[in-house]
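Before anything else, here is the set of structures, which you'll find just below.
Consider the two complexes below, in which subunit A is the common component and subunit B and subunit C are the respective partners.
Now for the complex of A and B:
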């Protein structure tokens, strides 16, 4: 035990291994934080949610921090709602039970790129008489643009970019750029914009609320995808999924391989022969093709894939390697001593044979993790990821199938790629150092 | 007299027995080995057939497809419009039964699996269900043969380059171990934890999307250039990124492994002895380091060669490379069992043959190894 401890202390001699350990600890911390703040059912609801969940976000928006590196500033997204009070609302009672609501929001627009769209969601309650709404935009150069006026139903969505009347009035092809530029020069107009929504209800019990959604070119920490989903969700949730899959598969595979090798060598005879034959059969089976078949034909659930991965990875060349070492250990004096005092077969296998192999087990376990993390991602990238879980591989697949590389949405691929790379390399670097520490033959070379 | 005649004959008997036993031992070994390997192939292929048929579920899918196809073709045919519904239904059922019989769906799946196994083992690969070759054939053999050159080109160039460059560089590094390049290789070797398709995405991002000097995917420009030279240039351009990603993802670990391997062998006493004798370092490398490591290197090389058959499934898919790996992936997506089984059975045979032959190769290159012991 002290030996193991001393061996682990040697990690400090490998700076790369320390970096690996730190990266793994950060990933574990992120995983725990994610699972506490966004519980599993909530994550699934958000990830599978459509417009109703994500309507506030723009599509294909880059993360907001690209503005730090870009000389041209992309407009940021925001959403304000009169129900929350960010969208100031003043109600003035009129005669005959009518009420006039004046909702106003002032926002800075100091960007070099036009926003994607602006949308106004109006909600009201009424019995018979439908409320009336008119929208105005006051530009920094004090022009007042009358956007539209219309009668609303209990739920009404007004999309600025889709209004044909406004397009004709502004004499333009693209409404949003026309709103945010100087009509004479056509240059983008920066400064404070003021959106005024005036609504009139005609019944005493009527209410009215508005939500103004500004779809900019950038959004949040990680940007958004084709379904307006905030990418921080799958990026965060990818960490626990990748770690769980990688670690469980690595532990399952290496530990089972070792136990089976130990049992085979200890009992020898037909047990050993059977294990070797199974290993040969397993070498003939096409690993990836079988996993893809299981994913396509049976189930894409991550648990099914995990089980299949472990089962197919037990009987590989590694079992022969362990077998060779167990054959040597089997002849040692201390095993003979155990036999002499009458230890049972299982006791010898689990208390004497396997513990001897722990130094070999640890590096190979850690080194096996990246392969499994990337296996999960690979399956997701070719469309066989778990259908409900948000994972890194799924982000890359979405990006690929939406032509992110062709259209230049690099953030969409680079973000999950960064995390995959971080996880893979962290375990690889650590495993590499452990291998050199625990494998005496490698220590000096 | 009698003594003198007896002695040689006795010698002869001993010699004969010795020859006999040696020959017998070898023959017995060869037969047992061939039988076990064949059994392995049979079981492996049978398991693949079982999984690829999904325990009969693929049949259900195909039955559904037949029903849809027949119903639609009859409903869409104006000659049958006048027919009364009962007769038409009967006609549809008859057509479906006929089509199912043609595809062999009327025999139970268990029997068909065995028939299938027997055919596959005789390399009678049959016809694909949905996939067709570019020339329009449904023969599995033709489809696989058509995709083989693409895979051989991609995998062959990258894997052979990898093998020879890493052995060569590793030998050099093991001579100067501890220098800057050696440390660099050690530091970079964890990079192989990342699979080739992943590097592929980065390469596409840089060279295809960013710099726009190499294509995103595929194997040749569309339409393909008429001129032979232009055609070759176009293929080379398309080969660059997938080939490079396959190489990057294994290069450093491969060099590191060979280098460590050579270092372990060069710390043997007989190498020190050779050095003490003052032998030339080239000779030491060739005769004292490479020679004893030859069985391992040959094993790696032969596994590499048969690995060419499976292609690079994910890399080919990401780069839309029309090779065997991508064909296998497409076949699985289309429930095309014959192609999956065909690809597996050929790999199984190649592997079994290689494993069998390697025993003899070991005996040839390593005098300590005797066959059948």
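Now for the complex of A and C:
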């Protein structure tokens, strides 16, 4: 085993392999971080959550860092609530048990693009008499725009962009651009805007709270998709899923292939014949098409797909390659000696045949990972991914079905593609280096 | 006939010894045939690697099996080791018939026999340290206590003169010299305290300088533990170091069986004569001399010649007898068996 340790130390001689190892370690760290901070049930709840979970986010928003590279600045999203203080609330008691709430939020608007929408979520409690609310927006040039006044129910949503009265009042086609531009020149107006919500309740026990959601055009680190979901969630959760699938499939396939090849070679006779015939049949079966069939007709669970992938990948050309080497190892004198001192068949297979192959096994195992990571993503892209898990392939599938490339939402496809390529590349360069270390004849090639 | 009295004395002694010793291994009419198949199923014939071999070996006796490459030595050896299954015949070890042993009994039998191989480097798994290599037989035989195993390893390594033991325990085979590797192989054969050792050309791959060392080591182990040793070789020059009897093997048969000295001084079978003539001669003055070797090649073991298998190469072959009837063992002098028609009349 000292040999193995020394071989791994040789990785330091290959800069590309170091890059690969670092990338893999980062991916592993991200996976562990994700699993701890967003536990699986929470991730599933968020991923499958609809408007009520993600209402604060804009749709199709690019990541916020797009502004660093763009001369035109996109408006960023935010949400403030009177319950947590950012949306300042002052309550003034009035006559006959009435209370006036003045809620105010001042925000900077220094962007070159209009936001998608502004929404006010109002909540109040009352017995009979409905509270009354009026909204005003004070622009940087000191104009006060009376947005709307209305009576609210216990839960009330007011969307600025869809208020027909406001549209007529502003004499415009689109409300949001009209609110954020100079009425005379029509140019975008930058500066501090102030939103004032004045509410009056008419019962002593009544309460009122408001949440102001500003849907900009960029959001967070990764942007959002068509369902307002923050893409950081599937991007983060994609890492453990991809690594787990890739590694489990690679280890399962390589180890089982090796064991089956060793057993077949050792017992020879009909066992060996059977394994070879199965391999020959399996080699002509269309692997991807079979997986699509399993995904379509049986189950799309990641465990079913993983098992099917491993089973279909065992009996491939690798088994013939291993068999060729095992046939050579089988005849070695130390195995004859082991038989002479009474070692059992299984002991010979696991203690003498297989250890001889470990130097060959390690590089092929690492090199097999990218293919399986891509396989999982490919299945997800064609709609056969696990129905519950957020993965990289799923993001691409959503992007594709929403016409992301056609509509110019490049971030939506490039982000998961980047992570897929990073994973594939990391394992590939490490695999190449390991191959050269363990098979020294390749070193000069 | 100067040495007649001497021979008689030796004979008397040997019969006395034979009588005292109990029989450890007895082989009767052993056949080891390998089936030849075409395309994996259709039968073509057999390779008759061992074809009717019989002998007896006593506890503590050392025997050399001599013969050229391909004569069936290795097949005989592997059958004794329990690796090959005899096609026909009996192999009785301590009263138990090997072909009737199965499962744990067969394993116990294997623990009683040590195996020293020809190529020490190939005989040691390259991915195991000396300690692991020596631990393996102990683990297989069920010594579960780690301390006991280490104790046995230390004891055996000291016996084969691999000391200081600690220096070698964690080395891998490629870090050792040929002689040291062969000592590890011998230690592995000895670690289960076997009753018999099968040594397959244990020194042929070693430098001349270490050969004698290893042979002396084997000799001393044999004496110390009263081991029976089957020493398989094609080199008659190393035989006299420690074998009491020599069996000469030719094309699957034992053609001559005799005590070492008697065989070397009074070889009877024409093949033994040829083999002795071909023994390497350290005298540089004879370098230009051509030795007389029998003409032709060793016969095919698939279709061995009818009658005596040596007759196509034999200068003394009797036409009509040697090429017709297979010779049986004759005993021209007590304890000296030879399968050759030339000695037919001398047998009583």
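Basically, the second predicted complex is superposed on the first by the 445 of 445 C-alpha atoms of A that agree within 3 Å, B and C clash if a C-alpha of one lies under 4 Å from a C-alpha of the other, contacts with A are read in each partner's own complex, and residues count from 1 in each chain.
The rule we apply is simple: contacts are C-beta pairs under 8 Å (C-beta built on N, C-alpha and C of every residue); 3 or more make two chains touch, one makes a residue touch a chain.
Predicted model only: the values in this text are computed from it and were never measured.
**Student:** Tell me which of subunit B and subunit C touches more residues of subunit A.
**Tutor:** With both complexes superposed on chain A, more residues of subunit A are touched by B.
**Student:** Pick one for A:281: touches subunit B only (first), subunit C only (second), both, or neither.
**Tutor:** first
**Student:** Contacts for A:69 in the overlay, against subunit B (first) and subunit C (second): which applies, first, second, both or neither?
**Tutor:** A:69: touches no partner chain.
**Student:** After superposition on the shared chain, which partner residues are touched by A:333: those of subunit B (first), subunit C (second), both, or neither?
**Tutor:** second
**Student:** Now for A:413: first (subunit B), second (subunit C), both, or neither, which partner does it touch?
**Tutor:** It touches subunit B, and subunit C stays clear.
**Student:** Can you pull the subunit A residues that subunit B and subunit C both touch?
**Tutor:** none
**Student:** Would you mind writing out the residues of subunit A in touch with subunit B in their complex?
**Tutor:** 16, 277, 280-286, 288-290, 292-294, 296-298, 367, 370-371, 374, 377-378, 381-382, 396, 400, 405-406, 408, 410, 413-414, 417, 420-421, 424-425, 427-429, 431-432, 441-442, 445
**Student:** Could you pull out which subunit B residues touch subunit A in their complex?
**Tutor:** These residues of subunit B touch subunit A: 36-37, 39-41, 43-45, 47-48, 51-52, 54, 57-58, 177, 187, 189-195, 197-198, 201-202, 204-205, 208-209, 216, 260, 263-264, 267, 310, 313-314, 317-318, 328-329, 332-333, 335, 340, 343-344, 347-348, 351-352, 355.
**Student:** Which stretch or stretches of subunit A touch subunit C in the complex?
**Tutor:** Residue list for subunit A touching subunit C: 1-3, 273, 332-334, 336-344, 347, 351-352, 355-356, 358.
**Student:** Touching residues of subunit C toward subunit A in the complex: what are they?
**Tutor:** Within the complex, subunit C contacts subunit A at residues 40, 78, 81-83, 106-107, 110-111, 113-115, 117-119, 122-128, 136-137, 140-141, 172, 185, 188, 192, 198.
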